[in-house]
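Heads up, there are several structures right after this.
Common to both upcoming complexes is chain A, partnered first by chain B, then by chain C.
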Partner chain A sequence: MKTVILATAIRILIPIFIIFSVYTLFRGHNHPGGGFIGGLIGAIAFVFHTMTHGPQHTVDTFLKVNLYGYPRQPNQSRSLYLMRMMRVNVWRRRKMARHPEVKHRMIRIESVYIIATGLLLAVTSGVFGLLSGQPFMHAYWTDFYIPILGKPGTPILFDLGVYLLVIGVVLKITFVMSEE
Partner chain B sequence: MNHLLIVLPMLIPLYGAILSLFSWRYVRAQQIIGILAQACMLIASFMLLFDVNEHGIRTTQIGSWPAPFGITLVADLFSSMMVITSAITGMAIYLFSIKGLDKARQSFGYYPVLMILQLGVSGACLTGDLFNLFVWFEVLLICCFVLIALGGTKPQLEGAIKYVTINFLATGFLLTGIGVVYGILGSLNLAELAVLVRTPVSHPALITMAGMFFLIAFGIKAAIFPLFFWLPASYHTPPIAISAFIAGMLTKVGMYAFIRLFTLVFVTDQELTIPLLTVLAGFTMVLGVFGAASQNDFRKILSFHIVSQIGYMLMGLALYTPLAIAGSIYFILHNILVKTNLFLISGVVAHRHGTFALKKLGGIYLQQPFLSVLFFISAFSLAGIPPFSGFWGKFMLAKAGFEIDSFVIVLVSLAVSLITIFSMTKIWNEVFWKNKPESDPLLNVMTEREKHNNRLLHLPVAFLAVFILFIGLYAEPVVAMAQLAAEQLLNSELYINAVLKR
Partner chain C sequence: MFLAILAGFLLAFAAPMLYRWLGKWVFVPMALLPFSIFVYLLTLAPAVLNGQNLGELQAWAPSLNINLHFFLDGLSLLFALLITGFGTLIMLYAGGYLKGHPLLGRFYLYLALFMTAMLGLVLAGNIISVFVFWELTSISSYLLIGFGHDKESSRSSALQALLVTGLGGLALMGGMILLGLAGESYTLSELLERGDLVRNHALYLPALVLLLLGAFTKSAQFPFHFWLPNAMAAPTPVSAYLHSATMVKAGVYLLARLTPVMGGTDEWQYTLMLVGGVTTVLGALLATQHTDLKAILAYTTISALGLLVTMTGIGTAPALEAMVVFLLAHALYKGTFFLVAGNVDHATGTRDLTQLSGLSGTMRYTATAALLAGMSMAGLLPFFGFIGKELLYEATLQESPFRWLLFAVSFFSGMVFVAVAIALGFGIFWQRSTRPTPLQHPDKPLLYLPPVILACTGLVFGLLPGFFVTPLLRRAAEAMLGVEQVFELALWHGFNLVLGLSLLTVLLGYVVYRYSNKLLSYASRFNGLYRLGPANLYQLGLNGFLTGATKITATIQNGYLRSYIAAIITAFIALVVLSLSRGGPRLELANRLPELTQLRLYEVVLLMMIIPALIFLFKSRSRLTSIAIMGIIGYSVALFYILFGAPDVAATQLLIETLTVVIFVLILHKLPAFTYLSHASERYKYVLLSLAFGAVMTYVILIVKQYPLDSQLKAYYGQSSYLLGQGRNIVNVILVDFRALDTLGEIVVLAVAAIGIMAMLKLRMQKGDKP
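And then the complex of A and B:
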């Protein structure tokens, strides 16, 4: 389904979808919203992108991380080398990519890993209660408010996990379906 | 501490599944994680059993929301015994899968799904909430669907479709039943339901009607007459490591839920339910065993025997005395171990000789005497020859039946026992005893490596056989524990007080 209008519109819509999904995620504890709905809204962005551009392009755009690096010099100390490598990957990346000595490696974020991270976050949020002798999933809240996010606590970790899980599952389903 | 112990049988497989998902590309790592998780699970479930045995029924409220509003997890003796048995069979299945399952299937998420299946089993056994029970059965259903269809060969897909269609129907009935119960009584917490059902204002007829929905739903899940037809159609299609776990464990989880609900909640109209259950138990036994007698395939015989053994468990519930329910519990534990082991043995045989058909097999007694001994133990446990484990279960059931003068069902069960011996002897004669039929000698050439793998496959079978021998030869503590569990089931005050903290 390649239409120019949708393909152009989706570029503007993707950040809006993602921001709105994050807003829904953090709104969720006392109002309608939460991890599941937020995850679905966030996944819409990627689904539309896949529909217009194909799965390969979506993976290239959103789910690939380029890491830059170069071999260690003979006399360079290890800590200096590590700091350089970190700087190469954080600061002025585009310029470094054109540098002849720098090699780059691509890491593809598989949707399975997103699913696993989500599950890990969600389950671990419940373990905090167990560690202090309370039942599983006992909630701990802080005393202060953060302006937009609200009051942080372990249930946010759970919602974040659900959010990632839903996005991962929808991405996986979308990629499998569009490849067939 | 008890908060931790009750949740551990669910947390360990869940964390195992997450770690296996992270090592998606490295099958070796998944295998190691799986074995470690199973070992932890085994330890945790034994600790849970000792704790429950010492302190009585243990409960925890997820998220500190008090019962009956929050989700309750309850561990009594029956559920912790189920959890232990699932941990033991899980360990055996993992040991078997490493060498006994092809690499392609292992690398497509077999280990995480199996781990989540175990999570579902623990969840269904430990939950104290009707809706939660439904959710755990959904988890089981989805995992089984994936496992049966994993690999995507034609018979597998056919079996998976049959399995899923019928079980979706069961889920529908279950959900309807839950809706009706909630509509009548306004609660889903099992302990509170048990209280509400026993108050004089409840409507016994309506509650019995809701109970019939559960009878059909768990009847399909546990494969009782006349709803068992999906089981022999689907259980023999997937590879043996998968079908052994599903066949050993899943119908018994259905049976567990059956016993739990019909001793705790749906007890108001026993003039109707008990004769009904008795008839169903009798037919389940007889039809299952006749189905098995007519089959000529190793796995199909075993599949039909699952149905007939379910009849015995139902018979214990139908007799409804403490001894009968203890017999039922003992029989469930024994049957999970024995049935899984028989399936695994058929897998070892098929790994060596490449077929499950009785006609093409033969002479294994000469080639693999150790395997023959293991089969002998398991098969005669299943048939109920003393001193093996099946005997004690059947003995308790028969004694309980004679005590309340239900002669017909006891006679039926004893006759079914005889036919079980007949089919086990048939397997013994055809597979182990008779001479190997003439076939192309090139078919049976194995490399050294394959022979080594085949020897490794004996390990899980021997592991399970140790437990089978233990509960058979040293039956007294297990039987005593089953009787305690039955006492806990029948004195629902204990359960109610433990959950509602009265």
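And then the complex of A and C:
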């Protein structure tokens, strides 16, 4: 279903959707919102993209990470090499992509990974309580306050896990449904 | 003791790896383990023989009063020594028997697992851990019987053994729990002192029935005996170890162990004597009707187990003495015979009695072992079997109302044992034959050493009964009787009635052997009876069970989503109507009608949007229209949420509606054209169902609203969500903090659902694949 208007609009709308979804996520503790709603908003952005461009394009655009690398020089120390590699992958991507010696590797982020990460975060937020002898899921809060985001604490981590999981689940369902 | 068990399990799981590293030498570490446990137990033996009971405690589930409690007294020491000593020989033997088999590592894994489980069973000092180890032996026995898994027969035999012993295991668990309730303890050493309490308890009889079921299935007592001959599908080391010397004796062990707790009542005595007696006679009878070496041995084992159970049932001091002595003697000679049968099978390729002859020339050592074991089995003079048989006869001839019946049973089985012993120990080896059976390969030391060692042990124990055996058996009998025993085992009792009867047994046994061919020719006449046998009943039951299960599954899980939903809704309606009709709160509609005047305009507008949409939905013949209409309804509901002050729920509802519509649209064009497949009446049925559901829900909600909500929850959450949860949005604080564990469960469900959807749509089954 490729329509020019939707296709153009969705490109501009996706960042707004995502920023709004993250905002909803962190706002949830004091106002209507939260991980579930935020996750759904974030997922809707991708779902609309899939609707207009097809699942393959969505994956290529958002869920692929290009990594660049080159072999370690014989006299190069390990830490220096790692820092170089990080720089290659962060700042000089365009330039490196055309370099002949540089190897290119693409990693696809499966939506199942997102689900798993979300689940891991949610469970991790509960483990803090266990580690300090309290019951599982005991909440801990810090004392300082970050503007917009609010107070950090383990329930926020839990909400973040819910957020990621919801995005992952909706993406997975959408991809499976539309790839057939 | 705990370490010994742990080491056993560890080595079991290391076995496949060891096989990869060591190749054919894998039997060395595998045999060293039982041997070192054997030696370790021997170091504990002096204390036990002095009358101490050794215990060891590891906390497991202390809150349930279940501990890994190990307990060593005479009875468990006897069994543990038998298991480890025999285990050492079997491990050696298996190395020779399955040499070069690609799955030898796995075989050792199962075998070591079994050995450890069995050891745990006899050492366990807590009846719950007895049950756990009991089930482990069943499972490892299943794996071992099904070791030749490429053959249909061994698979079904394995399943049969598992089902029979597993069902018995379930009964046993029930019995154990009842016993624990009756005796107010799960610890064996405490239970042993509370026999009177248990015997007079109301739960005694149910517990007894369940425990006996467990013991009888395990020890192949009538009518559960049929799995044992089928279990001979296992490789011979397994048959020798599990199905003659150790596992089938677990039931006997259990009975012996519980004798001080539950024994002595009429129910106990008569059940055990009856079942044991019938099994003894039946096993002996069936043994004469087969020509397969292993089948004969299996049936004589059943018969011997029956004798052991009968002796336990009699329960007098001489009977229990006879039981422990016969148990040891039987393990020694029957184990030897199984190994000999395995050797013969391995070397000649056949196990048929009629085709084997004159093997003494080519398999000298095996033949010697067979001869020694045969003399012990027949109860000839210098052997341990002789002492066992003498004691058996003495015990049955004690004063009791059934003395002659009991004696007849043991005499009959003794006669058959003699015949079998002559046939196996003498007939196929030493009888002169013009045409000896040719060998495929000569006798190998790893194969003939274990049976020779076992047979010689039988001889040594017979010649020197006072040395180590008597004190051990004395303690074992003491564990059952509760009082110290002072019996002496002696080879020579002088000329008395029992000796004469022994001689008579041997003579008559020889007669049976001479005319065995004739007996075999009669065997086919009994074939009609097999149809009524328990094996057939088992098969019928199993088949019926499978067909029934298939039918039920086909009815309940028919694959139509609508019928599942219909079932759920119908059940819900039925439950609500049922509880309302049983005097639930009534709706007072008259008082509520004035409330209609408080209706606000926008509520009416929303209602006016939903109802026409619903009617339109029924009439629409296009999927896209239906989805759009569903969307309208969904958004209207979300508006209701906003009106009634639930912005979180409303937002979620709105987003979900959006996503539903979008996802539907995504797959819409892949669906076939919209047609009505079902009859109109079918559709009206669902319309009626939905109407009924809606009516019930409305009614319930109206009733709920009729009573003022009297709950502190709202106030509590309102106050504490900011104070404790540091958030002003109560809904979210409840979700991520107060009830976070629920949310965690929900998101796990969500993740599983996503994976399920992927599995359903992506992993297409190949045509003809099983679901």
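The criterion applied here is as follows: the second predicted complex is superposed on the first by the 180 of 180 C-alpha atoms of A that agree within 3 Å, B and C clash if a C-alpha of one lies under 4 Å from a C-alpha of the other, contacts with A are read in each partner's own complex, and residues count from 1 in each chain.
Just so it is clear, a residue touches a chain if its C-beta (ideal position, glycine included) is under 8 Å from a C-beta of that chain, and two chains touch if they have at least 3 such contacts.
Keep in mind the model is a prediction, meaning the values are calculated, not measured.
In the three-chain model built by superposing on chain A, chain B clashes with chain C.
Of the two partner chains placed around the shared chain by superposition, neither chain B nor chain C is touched by A:R72.
Legend: residue contacts after superposition of the two complexes on their common chain; A:G133 is shown touching chain B, with no touch to chain C.
In the superposed model, more residues of chain A are touched by C than by the other of chain B and chain C. Once chain A of one complex is fitted onto chain A of the other, the partner contacts of A:L119 extend to both chain B and chain C.
When both complexes are overlaid on chain A, the residue A:H53 reaches neither chain B nor chain C. Using the contact criterion defined above for the overlaid structures, shared-chain residue A:E110 touches chain B, although it does not reach chain C.
When the shared chain is aligned, chain C comes close enough to touch A:K172, but chain B does not.
Note on the superposed arrangement: chain C collides with the chain B stretch 418-426, while the other options among 94-102, 310-318 or 418-426 stay free of clashes. On chain A, the patch touched by chain B and the patch touched by chain C overlap at residues 112, 115-116, 119, 123, 126, 136-137, 139. Of all residues in chain B, only 1, 3-4, 7, 11, 14-15, 17-18, 21-22, 24, 60-64 touch chain A in the complex they form. Residues of chain C touching chain A in their complex: 647-648, 651-652, 655-656, 658-659, 662-663, 665-667, 670, 725-729, 731-733, 735-737, 740-741, 743-744, 747-748, 750-751, 753-755, 757-758, 761-762.
Within the complex, the chain A residues that touch chain C are 1, 28-37, 40-41, 43-44, 47-48, 50-51, 111-112, 115-116, 118-119, 122-123, 125-126, 136-137, 139, 141, 151, 153, 155-156, 158-159, 161-162, 165-166, 168-170, 172-174, 176-178, 180. On the chain A side of its complex with chain B, the touching residues are 110, 112-113, 115-116, 119-120, 123, 126-127, 129-130, 133-139.
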